[in-house]
Amino acid sequence: MFLHVERLTKRFGGLLAVNDVTFSVEQGKINAIIGPNGAGKSTFFNLISGLHRPTSGTITFKGRDITRLPANERAKLGIARTFQTTHLFEQSTVMDNVIIGHRLRTESNLFDAILRTKRHRREEQACKEKAMEVLDFVGLTGVADRLVANLSQEQKKRVAFALALATDPELVLLDEPAAGVNPDETEGLEELIVKMVEGGLTVCLIEHKMSMIMKIADRIMVLNYGEKIAEGTPEEVQNNEAVIQAYLGGSTVA
Amino acid sequence: MLEVTNVSVRYGSFTAIRDVTFSVRSGEIAVLLGANGAGKSTLFRTISGLHKPAQGEIRLDGERIDSLPPDRIVQRGVVQCAEGRKLFARMSVYENLLMGAYVHRKDKEGIRRSIEHVYELFPILHEKRNETAGSLSGGQQQMLAIGRALMSRPAVLLLDEPSIGLAPLIVEQMFATIKQINEEGTTILLAEQNAHAALSIAHQGYVFENGTIVASGTAEELLANDDVRKAYIGT
Amino acid sequence: MAVFEKRHLWLAVLAVLALALPLLVANGYYLHMMTMSFIWMIAVYGLNLFAGYTGYLSLAHAGFFAVGAYTLGILTVKVGLPFWGAFALSCAFTSLLGLAIGLVALRTKEHFFAIYTLCVGYIIYLVIDKWDSLTGGVRGFIGIPAPSDIGPLSFQTPVAQYYLVLFFLFAVIFVMYRLVYSLTGRTYIAIRNSEELALTLGISTMKNKLASFVLSVFFTSLAGALYASFIRFLGPDIAYVTVMFDFLTYLLVGGIGTLAGPVVGTLLITFLSQQLQFLQDYRMLIFGPVLTLLIIFYPHGIAGGFIRYQAKRAEARRLEREANQTAAELAASRQGRDGRYVKEG
Amino acid sequence: DSGNNDDGKNVVNIGYSGPLSGPAAYYGERTLNGVKMAAEEINKNGGFEVNGKTYQINVVSLDDKYLPNETAANAKRLVQEHHTPIIFTPHSGGVMAMQVFNQTDNFIIAAYTSEPKITETGNKMTIRIPPRYDGYIPTFTDYVMKRFGKKLAALPTATQYGKDWTEQLLPYWEKQGGEVVYNTSIDFTKDTDFFTIITNALKEKPDVLFIGGPSEPTAKVVKQARELGFKGGFIVMDQAKLDEMKRTIGSYEMLEGAIGVMPLVESKEAGAPQFAENYRAKYNAEPSSESAYNYLALYAFVEAMKAAGTVDDPVAIREHMNEGLKNIPEDKQVYIVPSVGEDGGFESKITVGAVEKGKVVPIELKK
Amino acid sequence: MELFIQQLINGLTVGSVYSLVALGLTLVYGILHIPNFAHGALYMMGGYVTLTAMSQAGLPYGLAIVVSMVVVGLLGVLMERLVFYPLRDAPPLHDKIAAIGILLFLEAFAQFVWGADYQTMPTPYGNVVTVFGLTLTVQRILIIASTVVIMMLLYLFLKKTFIGASIIAMAQNREGANLVGINTNKVAMMTFLLSGGLAALAASLASPINLVFPGMGHLVILKAFVIIILGGMGSIPGAIVGGYILGFSESLGATYVSNDYKDIIAFAILVIILTVKPNGLFAKEGH
């Protein structure tokens, strides 16, 4: 099993943000998580990526229990993520942002930096190459040396993708990548996500844009009040009475 | 009712809004469509007085408001529910709503009624009334932001992308709520990317690109326009 | 690339000037001032590494400066170690102390870290002040020797001491330069910009912060040890918050998070405050407002302001180029897109 | 520079480096005032004559914020740019920082500090101005022990000066058969209120309190001790002055039984009344011994220059200090300082006073 | 036991002064996120203005305090307008350095106007009262009582009035406050007015038991920072409780541990607390 969470629970004070969720992410697929606002989707991501400690339950990744591992260790194992509110190093250039993404795959330390050892030079080169590679992948080579702060929203989303990809992940968690992006551009992001999976990655995606989810997701899990209320293919979920009740609503979606 | 005439806004040397003119008629819903970075939020912030325009005039019922400080503009009845919500994170939901009525702080009875009204519109806020605003989820915060704006009983309500990050069911409810608020007599200026939903409740629409208005018309006209459909509705 | 070379040229000119200074000015006062400024600069580089590049404002650095200085004094005078051994040990000891404090202090963030370290610095001051038998307490610590000879090199004269301090300053700048443009430096900057993001990118923030903190303490203790062997008298006041405020002022006026900032700020402020000496008792009446105004009108410091100005010009040039391009493209595509929107009216 | 100034007169620059800003500024100013007052008087009387040339004095003062490294920088500047043969400084840190180079850079340190270490290091070019406090100790001890009893609580200021005093006084007190029941220092730069400390001291039922520091806060200690019911006497270390303390708390009533240095204003020395009057007129403040000693010291240096026949050879000036002290005009003798000791310290004749029935009465010095 | 109670009361007295100073500091920090290092200078100015009002204008003590609170409050407002307002978008470090500039200026100013030496503030409440073997002066009772009253008034003002709530609202989101119609400039000025007034009150109450001099602000400012950290920065009850904790720890520490190291005790307590609870004692849970 690729990523598996077992009876995962997160409590904030009296609130059960994630409640006893058991769920597996299928390798090489787009696994979507949907659910009403406050259902616990972002919290679920925070638990998997290690920013929050679960109250109870276990998380296993490639057969290894990672429940107690700190966030940076999980990233090394191959779990990358983006944030709901785009979260980047705003005052650095795109290139500098992405180079840092590959840092976890390098070894050189303070002394290597000061003495400029062979290892350091080799790794620096590797980081740059990796950065160019992922920028090329997300289609941002043209803006490599611009400050992130000066980019459009959609470009920032792409930088966030690039940053995640630069860590050489196997699993990418995307939290509402298409929020605040217009339909035209949303299509571009969809294509990018599909391309990522085609390249062998596994994606876990939170999104409210149903057209996008229904189009690209292989499997969907639905959360409501922190609990899993449904799971299945897009068709199954779309026709699930509980999901319609809690989330989708009556009419067709835009 | 709200008239924006030849307004330009700059950030340093960068002109975010160039010579924009449009108006919102009393009792109507006007929608501003536009991609990210088109300048919608900038325009809203300018109307609210958080930015001073480099040129041009903004009038409410014929009186200029573009040189007033933000709090005076709120007193005049132009209230914004901003992008990023700007809630009081460590105050409870109830206190946030209360602060929304700051300009009516003498009217205790009015405040009570307004709060009830907001709770009716968004029952979840009633449920969470004693939680701090910061602990709400994204969507709940958005509702609270709108609720707080309503507390000051605005004549003109500016809504900056209220549907951002909301679940479909909630988006639908949200637009229904906006429509309801409008029908109760509030003039609304709405910035949206979700053009379909926005135009379906709006009377008038303006399309914003790179800081200028590139198209305008009634909601029906814009919905019927192929280019608008292609760029903002995506079907 | 041209910019790069120009910068190197500037650096070379400045370095030569610094090297030639004792030959150009025979005035012992200026030599003394410059030597003192260099010592401050080294300390400020320490602060800059952590506050400017890693994003944590430590207010304990005056304390570490004093620990470096006092340790040198105690090891030479009370323990009787040879100078250079004591010198190395005092830096090592202070860095270890930094490591221990960093391990605990770095659990706090932002203002809490600042005030936490303020308290640590104050405790260091109080300990120096009260621990009479070891530090001489308020009486101060006397009899610290000048740096002893290394082979044919002797450091007894002010000029020799000037070069010694300058050597260490160059070394610190060199290390800073290497660091800032390295993967490690980028890692620190990433932590400064967003610790949470850095963490999810697989960076062990604690380890990196700690390394940066210890190196920063090391620089500052180096400055302290140099101070002790240059002034050769120590009083508890060098651990006091006023010295910390001086460091901060130098850093901020020069430009925090820039390589040139510590040099520019320290030179400017020390000389400004010397120039205001004629005002005697009332010089703070002028210096205070000047400092405040500098902060208001040069918020990025002198070096920071200059870098920003250059970046802005580069950006403006880029925009201009792009505007020209898109204008051409637009003109080309206009014909095909006429009537795309309903006209206003 | 020492040499000609604009109107053709010869000028000797005298340096000063001390705290003129910050918390210790009041102290720096008092010491500087004394130096300045002497210089102005000399200049007003037409300067002084050395080898047939008439010189005026120009005091160049720099602020060092009480920091030794600033003192060192100031000294370098004074010597380089103003060729000062003598530099006054009122704190031991500054003195020690200057002692690193004053013999090679060739200038005299006029040190207003009673720290013994500064003269013990064997620096030949340092003059210690204030009297040694150990001369007071037998007299003080004897007086209060007889009048009040043998139990002493020590509450001196938390400065090097206070510590030195304490270390001299307490062993002597015990040797005389007394008992030290409480010993801690008060930090006037950190304590807002002294009630806590005094409460703790008084619970040991002392007969005498040993106090000291700047006059004003020391007076507050007296006041709060009385408020807390203390009825005994006080040993007041020489930094605090009985008259200044009286000004702070209103009358000598609370100070009954306090012994300390004879207030300058009560002093019977020849120069004292005139000095006090001039000082009040000029600075609109009561004179203090800090000012007076520095005033006297400058006169001594000027006389030493005359005797040495040079204004710019510090070594020669230093060698003629004893003559200089002897030649001070009688009406300028605020204190009697017959000579400079082996170690370079002024050997002042000290006078002691105690408060008895609301008045300061002179006390015979015990040998 | 008697000693213990006497020391508790001594701690209460200093604690009151600390609390007042810390309150002003925490208000400004909470609302404008400025760690105002010049707050000690406001305290010092408070002492001098009261003194001057008494000696030059011949006002009675009580009235002089009111005058001083207003004057120093306005001085705070001026500071906000001239320095902190222009710096409102600058990184936090800038406020600190700018504040240090103000501090240096105000101390030099006081030295220029009033001279560098110690001055004594007379009080009509110098009498000593002894109850159950405890010694107090009326002045000390006045310090404790007026602090308690002022704190209650402040609490009521912040909790029960809309204007007070607007201060709290602004503390959490300046722009949000703007958008509900709060005049944030006015609130900022009011905060500084309050903060300056509290500092002046503290100084005027404490000066008769100590002295007035240009450096007197140093006596309290570092401790005030310790207090507001202890109490959670920006927390009003935290500042009050923290002030008293520090007052007691000083008086009891000096009695039962060591007078020389009593300051270290206070700072060490803080370091320990922050080590265990990195966000302070009264920190609210983050989101």
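A, B, C, D and E are the chain letters, set down in written order, and residue numbers restart from 1 in every chain.
As a working rule, a contact is a pair of C-beta atoms (placed from the backbone, for glycine too) under 8 Å apart; a residue touches a chain by one contact, two chains touch by 3 or more.
If you want to know which protein each chain is, UniProt gives these names: A, B = Branched-chain amino acid ABC transporter ATP-binding protein; C, E = Branched-chain amino acid ABC transporter (Permease).
All figures in this text were calculated on a predicted structure; none of them were measured in a lab.
*Asks:* Which contact partners do chain B and chain C have in common?
*Replies:* A, E
*Asks:* Measuring centre to centre, with centres taken as mean CA positions, what chain is farthest from chain E?
*Replies:* If we average the C-alpha coordinates per chain, A ends up farthest from chain E.
*Asks:* Go ahead and note the Å separation of the Cα centroids belonging to chain A and chain E.
*Replies:* The separation of the two C-alpha centroids amounts to 48 Å.
*Asks:* Cα centroid separation between chain C and chain E, in whole Å?
*Replies:* 32
*Asks:* Using CA atom averages as chain centres, what separation in Å is found between chain B and chain E?
*Replies:* Going by mean C-alpha positions, chain B sits 42 Å from chain E.
*Asks:* Just the number, please: Cα centre separation of chain B and chain D in whole Å.
*Replies:* The mean C-alpha positions of chain B and chain D differ by 74 Å.
*Asks:* Could you check chain B for residues that touch two or more other chains and list them?
*Replies:* In chain B, 135 touch at least two other chains.
*Asks:* Would you give the residues of chain A that are in contact with at least 2 other chains, written as numbers and ranges?
*Replies:* Counting only residues that touch two or more other chains, chain A contributes 13.
*Asks:* Multi-chain contacts in chain D: which residues touch at least two other chains?
*Replies:* Each of 21-22, 25, 29, 158 in chain D touches at least two other chains.
*Asks:* Can you list the chain C residues touching chain E in their complex?
*Replies:* 51, 57, 104, 107-112, 114-116, 118-120, 122-123, 126-127, 130, 241, 245, 248-249, 252, 256, 281-285, 287-293, 295-296, 299
*Asks:* How about chain D: which of its residues touch chain E in the complex?
*Replies:* My answer: residues 21-26, 28-30, 158, 184-185, 187, 189-193, 195-197, 199-200, 203, 214-217, 220, 224, 227-229, 247-249, 285.
*Asks:* Quick one: which bits of chain B touch chain A in the complex? Just the residue numbers, please.
*Replies:* For chain B paired with chain A, touching residues are 35-37, 135-140, 142, 161, 164-173, 193-194, 196-197, 230-234.
*Asks:* For a test of understanding, state which residues of chain E touch chain B in their complex under the given definition.
*Replies:* 162, 165-166, 168-169, 172-173, 175-185, 284, 286-287
*Asks:* Please name which positions on chain C make contact with chain D in the complex.
*Replies:* 27-33, 36, 132, 137-140, 142-143, 158, 227, 231-235, 237-238, 242, 274, 277, 280-281, 283-284
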